[in-house]
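What follows is a set of structures to go through.
Here subunit A shows up in two complexes: once beside subunit B, once beside subunit C.
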Partner chain A sequence: MRAVWTFALMTMRSLLRRRTIWGIVLVIILALLGIGQVPSFDVSGQSRFIVEFGLFGLEMGALLLAIGLASNIYPRDRENRTIQPLLAVPLSRVRYLLGRFLGAAIVSGAAMLVGCLGLMLVLTLNGFEIPTSLLPATLLLLVEGWFLLAVVFFFSFWTSPPLNAPLTVMIFIVSQMSVREFVGLLPGASGLMRTLRLLLPHMDVFHIKDPIAHGIDVPLVYFLLAALYGIAYSVFMLSVALAVFRERDLR
Partner chain B sequence: MESMPLEVEGLAKNYPRRLGLSSFTAVKELSLSMADGQILGFLGPNGAGKTTTIKCILGLLKPSAGSIRLYGSPPAAPEVRRRLGFVPENPDYEDSFTPLEFLSMFARMRGLDDSREDMISLLERVGLSGWEGTRIKSFSKGMRQRMSLALALQSVPDLIVMDEPTGGLDPLARKEFRDIILEENQRGASVFLSSHLLSEVEAVCHRAVILSRGRVVREGRMEDLLRTENTYSVTWSPADGREKVNETVPAAELQGKLDDIRQSGGRIREVGPRSLTLEEVFLSATNSGGGGE
Partner chain C sequence: MRRPFVLLAVALLAAGCGGKADYDIAEVAPDEHLSGEHGNHHQGHDHGGDDVERDISGAVENRHHHEPGVRNHGTQWFFNQPWAAPFIWDKIVRDSVILLVLAAAVLLFSRLTGRRWQR
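Showing the complex of A and B:
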């Protein structure tokens, strides 16, 4: 475990020294500040608008962070050959993947929390109350981001970074669809489409911006179950990624 | 009795081509072994399969056939990896780190003590003294190679695998690398050295394996490889006082030649089997051997 944690720290340092993360955080903060400036016809409407669009912005941030942080990690390690001494000596492939994932997940989590604090600040500056479920809602989006991170790692082991981004966005979009909507894309192969859809998570469980914006309390047990669901899917996706990575020749 | 540092038996590696419809054979039926405390030179022209073999030995590539044992265990075994040091060819590395950061992280991943003094003295040993706090992105190719060497030596390995460690280095740096290889060997480490620099291999290796088109075409102890069975070198001084003459004579004609020299009044200075250079051995092995794909 020490090796994984050390490697995760190495990953965090490396990611924080790249411009990508700071660019994404800047975009999230600017978007939040922009939301605070949008005028609305009534006070409760503006508060709802800030919460809804703020959480939507954070969800997009989670997607951007997953792609921006992780799509280049493995290709870069191969290109600069850092992976050779790493895998030849101190790390197994499982530890490599876990360390890289953990490092990227922590950086992505920190960026999301900064975004959440920004959203709270915008609400406070506009004189609105901060909904009690705002932080748990952000944490759910973070879990969604971790799943997307695992998806990005999975694709990075067998595609190039330019292909990784659209494939991840496609998974993101498909995972928002209901089974009926997804089957409707290709009605001729409904059995296959239904099976494919069942393999992917229902990301709508992570989206609770509507109830929060309307002041409806979301029970804690919902947050816990949804987080567990997302973590289980992330573990599943990482296992699939590992199965692919284990078979890869590092030429 | 402890197992040998390296045993490769019938190794083959095919790379799929054209979406898996055909394949390219990089290494075929390769068998070799190295004894404890030995420096083994691994030679071959470009594309002979040296790097592929090394990557199979390190578990970076999956062999298509055959077996590899490091100290009697498969390459992936953790107890083996702890005893291994690796210097890759042309490393680039994560360039936002300093050598000290890199060494510290590798030490912790290996479960070693990451004391600053040890790391500084290691960097001093490989010629990176004073550069410990500089980011690797400003390093030259030679400095990155030195960094690789420091990473490989960090765990005081029993087996050091080096893939073209001195490629692109200046003569002074090559000499320093050679000295470190010899020091490590004197400490008891076995060294698997893949190199294009035949003079380097000739100077430090106990044994050599020559690879051509994925096959071993010549191997043996260095002195056996360089010795010829059927050619002799004869040095003699003519009776008229002219300068010494050195001639290469086939074994079958040696006695006749010696008789001729004596009859002419010449004085025989030295007779012995002629030693080849490693370059001659290499060229003859790689031109004649190997077979096709």
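Showing the complex of A and C:
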């Protein structure tokens, strides 16, 4: 575990040295500031608008972070041949994947926290109260982001980076669909589509912006269940990614 | 690389053969959740918009009031979300446990059938 943690910190430092992360954080903050500047025209409930669009922006940020942070890690290690000495002595493939994932997950978490603080600042500057569930809602979006991160790692082991991004976005979009909508894509094979849908999470489990925006309390137990659900999906995707990675010949 | 996918396909097939493993909230919701507190207030009350002129002229007579925060014909989408549907929370736990078991199976399978170059 110590080796994984050390490698995760190395990964974190190398990711923070890249411009990608700073660019994405800047885009998230600019988007939040833009949402705060939209005039209310004296329509009541502007804070709802800010909260809903702000959390939507954070969800998009989680997607961008997953793709921006992780899609290049393994291909770059392989291209630079840094993966061979790493795997030759100090690290097993499991540790390599866990260290890389953990490092990217920490950076993603820090960026989402900055986004959440930005949203709180925008609400405060506009004279609105900060909903008590805003931070837990952001944490659920972060768990969704970790799942997407695991998906990006999975694709990075057997596709090229330019193909990784559209595939991840496709998974993201399809996971937003209800079972009925997903089956509607190919109504002739409803059984097959229903079975395929099992692979994808119900992303609406992570979305609680509507009750927050309308001032409805969400029970604490729901946050825990939704977090468990997201973590279970991330573990599952990582296990499949590792199975693929174990089969790869790095020579 | 094919082996994990074969295992996944078998697991999915087993789950799929088990019946309707995946679901939408509206599919599994009990009647009391779908009907809601104000569900019976609209019997004989047409919300269709075919006759626009009639709708406009009758708007004042047909005006009705819903208490905030209650399911009605306009808020079904709101209450058909997982946070508002406690009857699916046990399914969330069920799915999580299945995924963790499946992850363990994939890891074990890939380790047992792994190639020589791995450590």
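Throughout what follows, the second predicted complex is superposed on the first by the 247 of 251 C-alpha atoms of A that agree within 3 Å, B and C clash if a C-alpha of one lies under 4 Å from a C-alpha of the other, contacts with A are read in each partner's own complex, and residues count from 1 in each chain.
Just so we're on the same page, contacts are C-beta pairs under 8 Å (C-beta built on N, C-alpha and C of every residue); 3 or more make two chains touch, one makes a residue touch a chain.
No experiment lies behind these values; they were computed from the predicted model shown.
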item: Subunit B versus subunit C as contact partner of A:Ile208, first or second or both or neither; value: second
item: Larger contact residue set on subunit A - subunit B or subunit C; value: C
item: Contacts of A:Val107 with subunit B and subunit C, given as first, second, both or neither; value: neither
item: First, second, both or neither for A:Ala232, with subunit B first and subunit C second; value: second
item: Subunit B versus subunit C as contact partner of A:Val151, first or second or both or neither; value: neither
item: Partner chain(s) touched by A:Ala8 [first = subunit B, second = subunit C, both, neither]; value: neither
item: Touched partner set for A:Val51, first subunit B, second subunit C, both or neither; value: neither
item: Touching partner for A:Asp249 - first (subunit B), second (subunit C), both, neither; value: both
item: Which superposed partner A:Asn80 touches (first subunit B, second subunit C, both, neither); value: first
item: First, second, both or neither for A:Ser92, with subunit B first and subunit C second; value: both
item: Overlap of the subunit B and subunit C footprints on subunit A, listed as residue numbers; value: 87, 92, 247, 249-251
item: Subunit A contact footprint on subunit B (complex, rising order); value: 15, 55, 58-62, 76, 78, 81, 84-86, 88, 90-97, 101, 105-106, 108-111, 148, 151-152, 155, 161
item: Of all residues in subunit A, those that touch subunit C in their complex; value: 87, 92-93, 158, 178-180, 191-192, 194-199, 202, 204-205, 207-208, 210-211, 214, 216, 218, 221-222, 225-226, 228-229, 231-233, 235-236, 238-240, 242-244, 246-251
item: Residues on subunit A engaged by subunit B in the complex (per definition of touch); value: 2-3, 6-7, 9-10, 13-14, 17-18, 77, 79-82, 84-85, 87-92, 247, 249-251
item: Contact footprint of subunit A on subunit C as seen in their complex; value: 1, 3-4, 8, 12-13, 15-16, 20-24, 27, 69, 78, 81-84, 89, 92-93, 95-97, 99-100, 102-104, 106-107, 109-111, 114-115, 117-119
